[in-house]
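Structures incoming, each one as structure tokens.
In the two complexes that follow, chain A is the common piece, with chain B as its partner first and chain C second.
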Partner chain A sequence: MRQVRSTDWLFHLYLVLFLAYMLVPLIVMGGAAFNDSRFPSVYPWVGWTDRWFVELWADTRMWNAFANTIYVALAVVAISVPIGTAAAIVINSIAGTTRSVLYALMVAPILTPGAVIGISTLLFWNGVGNAAGSGFFLFKAGLHMSVLGQVSFIAAFVMLLVLARLQSFDRGLEEAALDLGASHAQVMRRILLPHLYPAIGAGAAISFFQSIENFNVTLFTRGTYDTLTVYVFSKVRTGITPTINALALIMITATLLGAVGYEIIRRRRERRLAGR
Partner chain B sequence: MSAGVDLDNVCADFGTFRAVDHVAVNIRPGEFFSFLGPSGCGKTTILRMISGFIPPSRGVIRIGGRDMKGQRPNQRPTALIFQNLALFPLMPVWENIAFGLEVRGVDRHKRRARAEELLQLVDLPDAADKAIAQLSGGQKQRVAIARALAVEPQVMLLDEPLSALDLKLRQHMRAELRAIQKRTGVTFIYITHDQGEALAMSDRVGVMSQGKLQQVADPREIYNNPANGFVASFVGENNIFTGDIQGAEGDLARFATASGTFTARLGPAVTQGMKARLFLRPEHVRLAPAAASANSIPVEVTDVAFEGNFISIHARDAGGQVLLAEARNDGATAVPAPGERLHFTFDGQNAVILTGDTAARDADE
Partner chain C sequence: MKDLVNRYGLLLTTVFAVLTGFWVLVLVVLPNIYLFEHSFRPYLPVAELRGPKDVYSLDNYLTFFRSPIHISVFVWTVVYSALVTVICFLIAYPLAYYLSKVSARALLPTIFLLLFIPLWVSEVLRSFAWFIILALKGPLNASLLGLGIIEDPVRWISGFRGVIIGLVYTYVLFMLFPLYNAIQSLDTNQIEAAEDLGAPWWRTHWRVILPHAKPGIASGSVMVFMLSAGSILVPTLLASTNSRWFTEIIQQWMFESQDWNTGSAYAFLLLILCTVFVSVVMRVFRVKLSDIAK
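On to the complex of A and B.
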């Protein structure tokens, strides 16, 4: 089976270079969080410190921005997942021009620069507010508007994932359920959605992370609120300290722990299913 | 409870293509009825019209005397067993079976009990909590039947449900299906391209070709007295001779072919002057060392194939026509060797003259 023996070293070299390319920046970034230097760097190494973590802990503006980010992300997930799933189901069940137009309409925001989405979201809702002659807060910039702006393109990611999963759905199951007396709503709840859950779950995760890392759209629509990315950006202008590195290190660690934890649960479940 | 199904001049059109062409048949309550035909003959379309997935473009479908026009699949007293079974992969066996009850709002406890009951009926106890992926082909089959029976349909529609099984299992499931049908008394409408299945299981068989119903009769009648060339050639093996009808006397007629002039039975509504063929079943061919007084063809044996319970003998006559005879492997019949010259003879009552096209041989794949 191993026919590539003569080029094994080349393969290993490639692997090492690739992993180094991916991981060295993270290691440098993480190391800088412990360097007792006013600037985020590992060279020159001034000395070991945990003061950036202490400063981070005391940074209430940062924690406020962090909370805002989570709120926005949760709201984006809550709105994007139903919209994306529904769009996928509709697009999958129609054909012809309507399908193409709908598909293009859904996917276009992914291809649109974030700044454009941000500005147009702001202008659109301002316009609606002016037309209605209302000073109601929903028409003004704020976190809710960041949510709307982000949903406009994040829902498309959910849709693409669910659409891919729908390709493997056997329409025969739907017919079988109808034949057994199920209504369309029952088919949806008991047959179609359970089939789509993996894609919906993945869509929710991607929506969450897309929202957390979003900067362009949020910057234009946030009003007076800070989110993490916007806050970090403002720090870059006013003078950056390794607290940012400390924050990044915590986030990476949390993500890694989450991934490892999920994998452990998944394997345990797999073993349980196999053993049944 | 079971209901009859009446198809009253039913047509189905897909664009300009007429998949089902004026099919009229009354299927009796409690009957095991098969539609038999090659792929693309419209039999599956008929099934989908009865179950309500396709509206007929013309004609009326009645179930239990009630016109089904406008009734959706989930409103009809039918249950369809799909060719690929369409079991729900994410539900355990018992939830699959109880699905029809679940959507009718039956409580969980009763559903479970009913599922266990049906699993007994299809001879699959202890499978209630298994996953669908853990079942073998035959077990899946039984689950599909149990699931359909759970909704207490008046009519069961089966779309070639045995085609995915291996031979041994298929033969076993034939008997099983037949037994379940007798036990429940539900009307079974069965679709197949496998003549063996149709003949072995059915009370009556409807043979279809190109959207038209060619003959409706019990299996014996279909095999022994086919209505036309298509039925004769689709159901069972034949030696087919083309020729002309020379003169009729009673129900027999003289038929002139390149292999000789024979006496044979006239098929229904066949008269002199029609373009006709003579059909002779291989098992009705007798092997004789010398020529008989009538219906005798001198042949040279080209090949002898041992099939187990019978031996098939391929031969060629003077005109080059390939002929087939079957001898029972009972030890009493002398089996000829390839190259041997002998005579194929037959009784005129066992050969029939029919009109109409013959089935393409690749039809019974």
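On to the complex of A and C.
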């Protein structure tokens, strides 16, 4: 353990300042939701009100965007989890140049700006539609295309998580099971998947949140549909009202509850492990 | 591959291969090749596709190189994204060092929990928060005036100031976490050895901690630079009239001019920029791609 230094208080101060820097803007934004002023602000404080929440509740466009966001996020989870898991298993079983090339292609979307992913996805499927000579809705911009665009980089997060987990996998277990007469499907279901579940679970959670948060890819592929981020964005640009702050406060609270819930589960698990 | 068949059988292996192939080919490689190919073609109505006018040319790229405005916007985007990356590093490095080597272990989960909240709050809301704070009659000016630090309200959202403030706030955590991971893996004994041998604090950092943190610096820099250069939300919400961002011009081609092929040429330039940045960082810091993307 490092001994205590006289300069340590400077670091403590820096940490407190940094946490304030990260959190105060969110508090200001949330606080403005209760201010009875037509423009979102905490200053000057006009008076307490809950009317922005009432207005938000009555906003059908918001509800529509909310539903779309959830649909897209669920679809992204449903597609990127199997793809990312399969890709990690494949990458783990090959070596050499093929592996490095394939790996580079898989992580490249993480390092690609969202606008580029959005535009290439839009153009590609539109081109496929033109070549097939059909105006079939699947080739037009829309939420399904946002799903495909988001999956192309979100699957990489799942792949990286599962790949890391595969490093600690004892392949001897699979061989033992096969020798004892297990079928291939049983090896997969009873031995490999249970080992990967923590990574798959974390991957699903990250996919869900990444999808909800996504703006850049969605903007170019969404067609005429709204998601929550796009809705907030268009509201801020045209006729901004504190209803957005009310929405922001609800979303931050949801995040906070999720984070605290996760922390409680984590601590309980830790205590259980320590108690063993 | 043969190993996979032995373990999981032909059927499951085929499923794995098809899923992987669908992702890498259909979702990643083909769209990018298509983007590249279309950036060399004129934008024509469907009826004229494959007609006499549909020939390859450099016109879309020449549009960029013939426009001094677009070039200057591109250059400023690069310069300010680099500046944001440097600022993020300067802010995050002391904190990453503190969290991994100085602070009490028991506090860490709580600190990280607090840091995860802004990370999980969507980017649009985080830039919106600064939109409120930086407003001319907003809380920042009000408190500074109240404290007597400034005499007249400051127009924060002017030039690139608002954009930089917003980008640093939004992406500093993408620098902090890789740095923390890298410094944390350094054996504390090495720091103590350097100090026992009489190294001043700055030399300990320069010769021991910073070299060890290289993969973290590389990873954080790539993420912050790429996200900043590709950001659409922050520049739109926090820019003034005289600060335009390259993504805004791409948007113009896509939505206002409806010229998708010129748009793809511009998007491709952005992609090249990020690829060049990643390669430079990998070379300067001598790290592999698997160190950056973790």
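Following the convention adopted for this analysis, the second predicted complex is superposed on the first by the 252 of 276 C-alpha atoms of A that agree within 3 Å, B and C clash if a C-alpha of one lies under 4 Å from a C-alpha of the other, contacts with A are read in each partner's own complex, and residues count from 1 in each chain.
Please note the rule applied: a residue touches a chain if its C-beta (ideal position, glycine included) is under 8 Å from a C-beta of that chain, and two chains touch if they have at least 3 such contacts.
From a predicted model like this one, the values you see are computed outputs, not experimental measurements.
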| item | value |
| --- | --- |
| Partner chain(s) touched by A:R190 [first = chain B, second = chain C, both, neither] | first |
| Partner chain(s) touched by A:D170 [first = chain B, second = chain C, both, neither] | first |
| Which of chain B and chain C A:V90 touches, first, second, both or neither | second |
| Which of chain B and chain C A:L178 touches, first, second, both or neither | both |
| Which superposed partner A:S234 touches (first chain B, second chain C, both, neither) | neither |
| Which superposed partner A:A115 touches (first chain B, second chain C, both, neither) | second |
| Partner chain(s) touched by A:T253 [first = chain B, second = chain C, both, neither] | neither |
| Partner chain in contact with A:L23 - chain B first, chain C second, else both or neither | second |
| Partner with the higher number of touched chain A residues, chain C or chain B | C |
| Chain B/chain C common contact set on chain A | 178, 183 |
| Touching residues (chain side chain C, partner chain A) in the complex | 1, 3-4, 6-9, 11-12, 15-17, 19-20, 22-24, 27-32, 34-35, 38, 46, 49, 91, 94-95, 98-99, 101-103, 109, 111, 113-118, 120-126, 128-133, 135, 137-139, 142, 169, 173, 188, 191-192, 222-223, 226-227, 229-233, 236-237, 247, 250-251, 254, 260, 263-264, 267-268, 270-271, 274, 278, 289-290, 292-294 |
| Complex contact set, residues of chain A against chain C | 2, 8, 11, 14-15, 18-19, 21-23, 25-26, 28-29, 32, 40-43, 82-83, 86-87, 89-90, 93-94, 102-117, 119-124, 126-127, 130, 148, 151-152, 155-156, 160, 174, 178, 183-185, 187-188, 192, 209, 212-213, 215-216, 219-220, 228-229, 232-233, 236-237, 244-245, 248, 251-252, 255-256, 258-260, 263, 266-267 |
| In the complex with chain A, residue positions of chain B that touch it | 51, 53, 72-74, 78-80, 82, 84, 86-88, 90, 99-100, 102-104, 131, 147-148, 150-151 |
| Residue numbers on chain A that touch chain B, as the complex places them | 170, 172-173, 175-183, 186, 190-191, 194-195, 273, 276 |
